[in-house]
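A short worksheet on the structure shown next.
As written, the chain order gives the labels A, B, C, D and E, with residue 1 at the start of each chain.
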Amino acid sequence: EKLTIATVNNGDMIRMQKLTDDFTSANPDIELEWVTLEENVLRQRVTTDIATKGGQYDIMTIGTYEAPIWAKQGWLVALEGLGDDYDADDLLPAIRGGLTVDGKLYAAPFYGESSMVMYRKDLMEKAGLEMPDAPTWDQIKEAAAAMTDKDNEVYGICLRGKAGWGENMAFLSAMANSYGAKWFDMDWKPQFDGEAWKATLTDYLDLMNNYGPPGASSNGFNENLSLFQTGKCGMWIDATVAASFVTNADDSQVADQVGFALAPDKGLGKRGNWLWAWNLAIPAGSQKVDAAKKFIAWATSKDYLSLVAENEGWANVPPGTRTSLYENQAYLDAAPFAKMTLESINAADPQSPTVDEVPYVGVQFVAIPEFQGIGTAVGQQFSAALAGSITTEQALANAQNVTERTMKKAGYIK
Amino acid sequence: MGNIVLKQITKSFGDVQVIPPLDLEINEGEFVVFVGPSGCGKSTLLRLIAGLEDVTSGEISIDGTNATEVPPAKRGLAMVFQSYALYPHMSVKKNITFPLKMAKMDPAEQERRVAAAAKVLNLTDYLHRRPGQLSGGQRQRVAIGRAIVREPAAFLFDEPLSNLDAALRVNMRLEISELHQTLKTTMIYVTHDQVEAMTMADKIVVLQAGFIEQVGSPLELYHNPRNKFVAGFIGSPKMNFIEGADAQKFDAHTIGIRPEHLTLSTTEGMWKGVVTVAEHLGSDTFLYVNVEGFDAMTVRVNGEFSVKHGDTVYLSPDPEKLHRFDQQGLRIA
Amino acid sequence: MGNIVLKQITKSFGDVQVIPPLDLEINEGEFVVFVGPSGCGKSTLLRLIAGLEDVTSGEISIDGTNATEVPPAKRGLAMVFQSYALYPHMSVKKNITFPLKMAKMDPAEQERRVAAAAKVLNLTDYLHRRPGQLSGGQRQRVAIGRAIVREPAAFLFDEPLSNLDAALRVNMRLEISELHQTLKTTMIYVTHDQVEAMTMADKIVVLQAGFIEQVGSPLELYHNPRNKFVAGFIGSPKMNFIEGADAQKFDAHTIGIRPEHLTLSTTEGMWKGVVTVAEHLGSDTFLYVNVEGFDAMTVRVNGEFSVKHGDTVYLSPDPEKLHRFDQQGLRIA
Amino acid sequence: MARNVSNTRKALVTAVAWTIGILIFFPILWTILTSFKTEAEAIASPPSFLFFDWTVENYVEVNSRSNYPLHFMNSVIISIGSTLLGLLIAIPAAWSMAFVPAKRTKDILMWMLSTKMLPPVGVLIPIYLLFRDFGLLDTRIGLVVVLTLINLPIIVWMLYTYFKEIPGEILEAARMDGAGLWDEVVHVLTPMAIPGIASTLLLNVILSWNEAFWTLNLTAAKAAPLTAFIASYSSPEGLFYAKLSAASTLAIAPILILGWFSQKQLVRGLTFGAVK
Amino acid sequence: MATAHSRSAARLMLSPAVILLLGWMIVPLSMTIYFSFLSYNLLMPGMEEYVGFLNYEYFLTDPAFFAALFNTLMLVGGVLVITIVGGVALGLLLDQPIWGQGIVRILVIAPFFVMPTVSALVWKNMFMNPVNGLFAYLAKAVGLQPFDFLAHAPLLSIILIVAWQWLPFATLILLTALQSLDQEQLEAAEMDGASFGNRFIYIVLPHLSRAITVVVLIQTIFLLSVFAEILVTTNGGPGYASTNITYLVYAQSLLQFDVGGGSAGGIVAVILANIVAVFLMRMIGKNLEA
């Protein structure tokens, strides 16, 4: 039997592809075929396929955004009977909660992440400052100002600026949560005309314009990573998985100078961090459910973690999915960022993402099908504001307008 | 083999009738030349016979059988095009063999015929060249070779020499004449060239606007043109025409005298005129003379005749060689 | 205006010397024709005069001033190309106006000159057409029109009539001759055509491989060719050459007789031969006669002469018109 | 126009032409050079031009990560297959238009070209559904069909302009020589048009090779060509310039080499009857 | 050339191409038209209902629509201007006698062979990136502030990238056309006293007009559907600064999975493309007849 697996082209997934001998030697009747794609292309491909029942894939890599939506549509096979030793209870509750619909798990998390602050200890020291474990936005701003040294191409803070619901909007939605802003009120009315969003965007633009790198409006995760690795950023607030890259001496010029802190807050009880996981799922109607389940069980099991540790060292184990990993001393030793990662993940609550009550689920996204489009369109506006082509007010007004139109068209607002 | 009869054929392109109802009979073994001004339908007629165009009405029969609906490939005719239309990607040999191959002839027989044709046409040394590597005359011969191997019922030539230079034209003209004498196959030949028509034809067909003006042997047309059009068309330089009082003298509406049938004198003659241009070729002298009341007249004098622009000369027609035409332009016998 | 002198000019393309040192003087108002076999350097010489090619060495002077280094536009010459080189995207009028516009002439004057040229050349009705919509003769006239509006010191023509059909060629030839008579401007004219050279030229320059073989008036060349090459080149059909014993009789290495200077008889004469082809044109008869020991000889007979293939005939040269050449091919006076 | 071109002028023109040529080519050259650098050198400042430690490590890495030979073969099969199929359909069509023109011929030709103006994204979903129903998703044959269809207008047009330059008399000669329609097209027209057909073929292989919308959206694994291969490198975690360059080089090298070797052919046929 | 027999053969031989293209046009197009009247989100199957012109209304009143229309025209126009002006200049240059002409020609042609995705990636990351890009390095080397191309001149940057890819095509065609110019015409103009500039304006340019039309036609066809370059470099942003119609339709149908809206957008794009097409065909038809 041949399984066609669609995956995203990140490091952990690539590593998994290299380790599949372990699986195929145990299951000689199963062959694996990989379709590795860049995140956005992957999402578009698998969504088209599953929605039209194209049947091209046996296993899909999907995010925490898709999982509940698709499960509700009945597009996914419930992952029951993954084996006795799978130990589903070991999965981190925050992550597992996002993948469970009506008490059934529909996607198995491969790795999970939140976001946190990564900063340069040496630069902080030079500036005479100290980073608390749980900083506020004001402290971040102060630190950014102190570390910026544009003549030497050192920028106090690097943040996402590239438009996209999974790019700048992931960061900004999370940041907005900590400012008490929200996407919609209980009547699904968009809230960009409120003060909270205005404060969020103003502070964000302030930070970036004064202390950010040039060209920030086209920086996403990748661009920021390479900036940080080459020593051009003082701080970077982004996905927790980045921690293993920036501390890897092979790629990073600043590996031994990185410190970590929780995402900042504004004293309103919510931190500006998100929650995300890449998960493996089986499309409904697949002819190869059993083989696919076998593979998923293998790839997301505890044993897989040990397998990676054996081959590549504990630091390279896919993080953020299992409680047991964070109880493993070998891992904690190898990964100095482990504790902060776990705390960040636990600090996010998809069910109640922001200060006020909202009708939707999801921290840095809104788990409705229209969100991809809205998120990206709004992201475009904020990115334009960052590029300086429109003002903050215009950006917010446009965002409000775009969101309202779509919500009306989709029938949320009558 | 080679008898072609056209019965009441017409051809229209869209609304324009290019060939009005036309009858023509071409006998076996004849060398027939079509002449006429540009656009008169010579090529069209040839292509109708070939089957490359459909007739609008009428009937074409070849060797007694109705061929009106027969596709070109099946009519058993061969055509030599003005541009030769050789296949540039094939060697001379392949070009010549092509029709035989299409007829699925036995390869040994193909070889034999190609060799024979090449010998007749002096092409044996060039069989492996491509057309692009040949001179104009050689290409011409290949085109003829391709036509003769099939031993067609008749050959159709559409201005085959018009792309050659003067010297080569003379040679090829002689070669085609010789070929006709050897093969004795019916040939239909379209040309613009006076000399070709006069020297090669057994029978000349003069066309004008799709009408046949006259059919006859070259000298018949030269001596007894049926009308003014034929008289003016056959012969070079062109016949001089005179109308009005001077023509009345001869009981005609128009009289015609060929340049070679005018005698010239510096002292006396029938008409007095002034030389506008004198062309001295050494072998001949052509004079263009302005006679009052007439159009410019052309006179040909053998050898030299020393006159120049502006001289006054006298012209007299040879009364024997004078042509008389009535008001409709028809010859008065 | 229009005196052109070439002094010891040479031209090489790479290592190949196409024109060896050459001197030539062209007088004001003369009509000079360059003839010679293909590739002999006629066009090259013309282009050197025009300034479209640089001379390798030597000096060209126009109207007494050294023009060797002067760019073509400044030499005050006009050229009519074989392909006419009309500007296809401009109307006839724009084509003719172009040189005036380039000279930034006053628009009213431009109008006047174009109108005048169009009138001379009968182009008035076609001024708004594009070259693509004109016939060959009309295009030719446009090219001439473009040349004459500038009132150049001299006209250069490179085989201007070679793309036209026979009838048109005769007309255009006359028109150019008349133009020369009207304008009296120096004209240099390159052609392949016997008749053009003989009828138009005041002075013919015969070239071979870049050398000038002879310069003279047409009849001078016809009657007194300096050597065998010129004798063979001038006159049509070509002069018959006879070597060996029969030539010795006349104290020459080679003798030459033009086809029109042979008398033909069915009964007696100097040489006996067999007719291979007889071409009856009505006005003339051309016979190709095989005389034993000689190459085929061409004979021209005026009017009709009824012989046919295979007949035996006798030929006699007109002793007055016989040309004698020595071993080097030079004429024996 | 053979007036003496002075050597200084020629040298000057040569220098300008070479400078511009190298500038235009530079992005490709830079990509190729970068593919031989380590990641650190790839983003080093100042950038090193030639003097770095040449390494093929990126190629090794790229090869171990993806099945390059599979993608390469898919690209070859899809681009050549669609071009050949296109030629098969287009040659007769172009023959009719060039040699038996009717009143509507020009309109048909223009209509064919206008079908190329359909924005592919607008019809992706319908095509996807059709492909699903016919079982053509992720098959080479499906892609061959789609690419044939999208390139057909260009193929027809190129062949049409090329055929128009072939004198009709030659085909008539063949007809007189007893050739049927089939013989005429196979023995006379096609071999005579070889240069034109070759350049049509080349251009279409290039266009199909580089087609990135349909090839990406209608394939998954088995039939995925090099465009999909590139898509898996376009934005990995971190900007691995050197690996990206290696993958890019691998994706464009075959067509670049083909294009270079055949540029004469390509140039000759690329004129679309624009040159008379 | 036209007997009844050959005409019917011609019809037969033309029909496969016509039928296939007709099918290729009509089947998806009619499906698209059908979808465009539905409220149809791919992610919410089973909820399709007829909504009349609602999708069109939303598409056409979308503030992005006019921006996209403008950007599409700018993109097509900009690339055409750059490639034609550059192509003529390069053509003239390469038509001169130079040493190593063949190699220079190869260098100039090369960008045409590069996949759009690859060229966009290369330009974006290795050249236009304001921190690590080569342009930024050059700017810093001469003491300038690096320019952030994709943020501050996104459309221009995309025009440059696309123009780089299409310049070889224009150059090739224009060069061939230049080489076909009858030398005697140039010489005649020279004799007529035209300077180099005048010869260019009055003789060379008019001669090139046919080739230029062809370049315009072919490039427009491809430029109207430029997409990969935008997706890779700017994602249509910032704002709508580099969104063209094709990208907008993409965003509707593959980002929002709003098939109804996307289909309406697709139909609008088809109509716009056909307006351009009719316009082009008029102009080209005239130029190609001559």
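Rule of thumb we're sticking to: a contact is a pair of C-beta atoms (placed from the backbone, for glycine too) under 8 Å apart; a residue touches a chain by one contact, two chains touch by 3 or more.
Keep in mind that this is a model prediction, so the values were computed, not measured.
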{"item": "Chain E and chain B - chains in contact with each", "value": "C, D"}
{"item": "Touching both chain A and chain D (chains)", "value": "E"}
{"item": "Two chains sharing the most contacts, counting C-beta pairs only", "value": "D-E"}
{"item": "Centroid-based (C-alpha) most distant chain relative to chain C", "value": "A"}
{"item": "Centre distance in Å when chain C and chain D are each reduced to the mean of their C-alpha atoms", "value": "54"}
{"item": "Whole-Å gap separating chain A and chain E, where each centre is the average of the chain's CA atoms", "value": "36"}
{"item": "Between chain C and chain E, centroid-to-centroid distance (C-alpha), Å", "value": "55"}
{"item": "Shared-contact residues (touching 2 or more other chains) in chain E", "value": "1-2, 42, 132, 187, 254"}
{"item": "For chain A, residues that touch 2 or more chains besides their own", "value": "48, 52, 223, 226, 230"}
{"item": "Two or more partner chains touched - positions in chain C", "value": "52"}
{"item": "In the complex with chain E, residue positions of chain A that touch it", "value": "44, 47-48, 51-52, 69, 73, 153, 162-164, 213-218, 223, 226-227, 230, 232, 369-370, 372-374, 376-377, 379-381, 383-390, 398, 401-402, 405-406, 409-410"}
{"item": "List of chain A residues in touch with chain D within their complex", "value": "4, 6, 9-11, 14, 17-18, 33-41, 45, 48-49, 52-57, 220-223, 225-226, 229-230, 241, 245, 251"}
{"item": "Chain E-touching residues of chain D, taken from the complex the two chains share", "value": "1, 5, 10-11, 13-14, 16-18, 20-22, 24-25, 27-28, 30-31, 34, 43, 45-47, 89-90, 92-93, 95-97, 99-100, 102, 106, 108, 110, 112-127, 129-130, 149-150, 152-154, 156, 168, 172, 181, 206, 209-210, 212-213, 226-227, 230-231, 234, 239, 241, 244-245, 248, 251-252, 255-256, 258-260, 263, 266-268, 270-276"}
{"item": "Of all residues in chain C, those that touch chain B in their complex", "value": "165-166, 170, 174, 177-178, 181, 192-195, 198-199, 218-219, 222-223, 234-237, 258-260, 277, 279-284, 286, 288, 300, 302-304, 309"}
{"item": "Complex contacts: residues of chain D adjacent to chain B", "value": "167, 169-170, 172-180, 183, 187-188, 191-192, 194"}
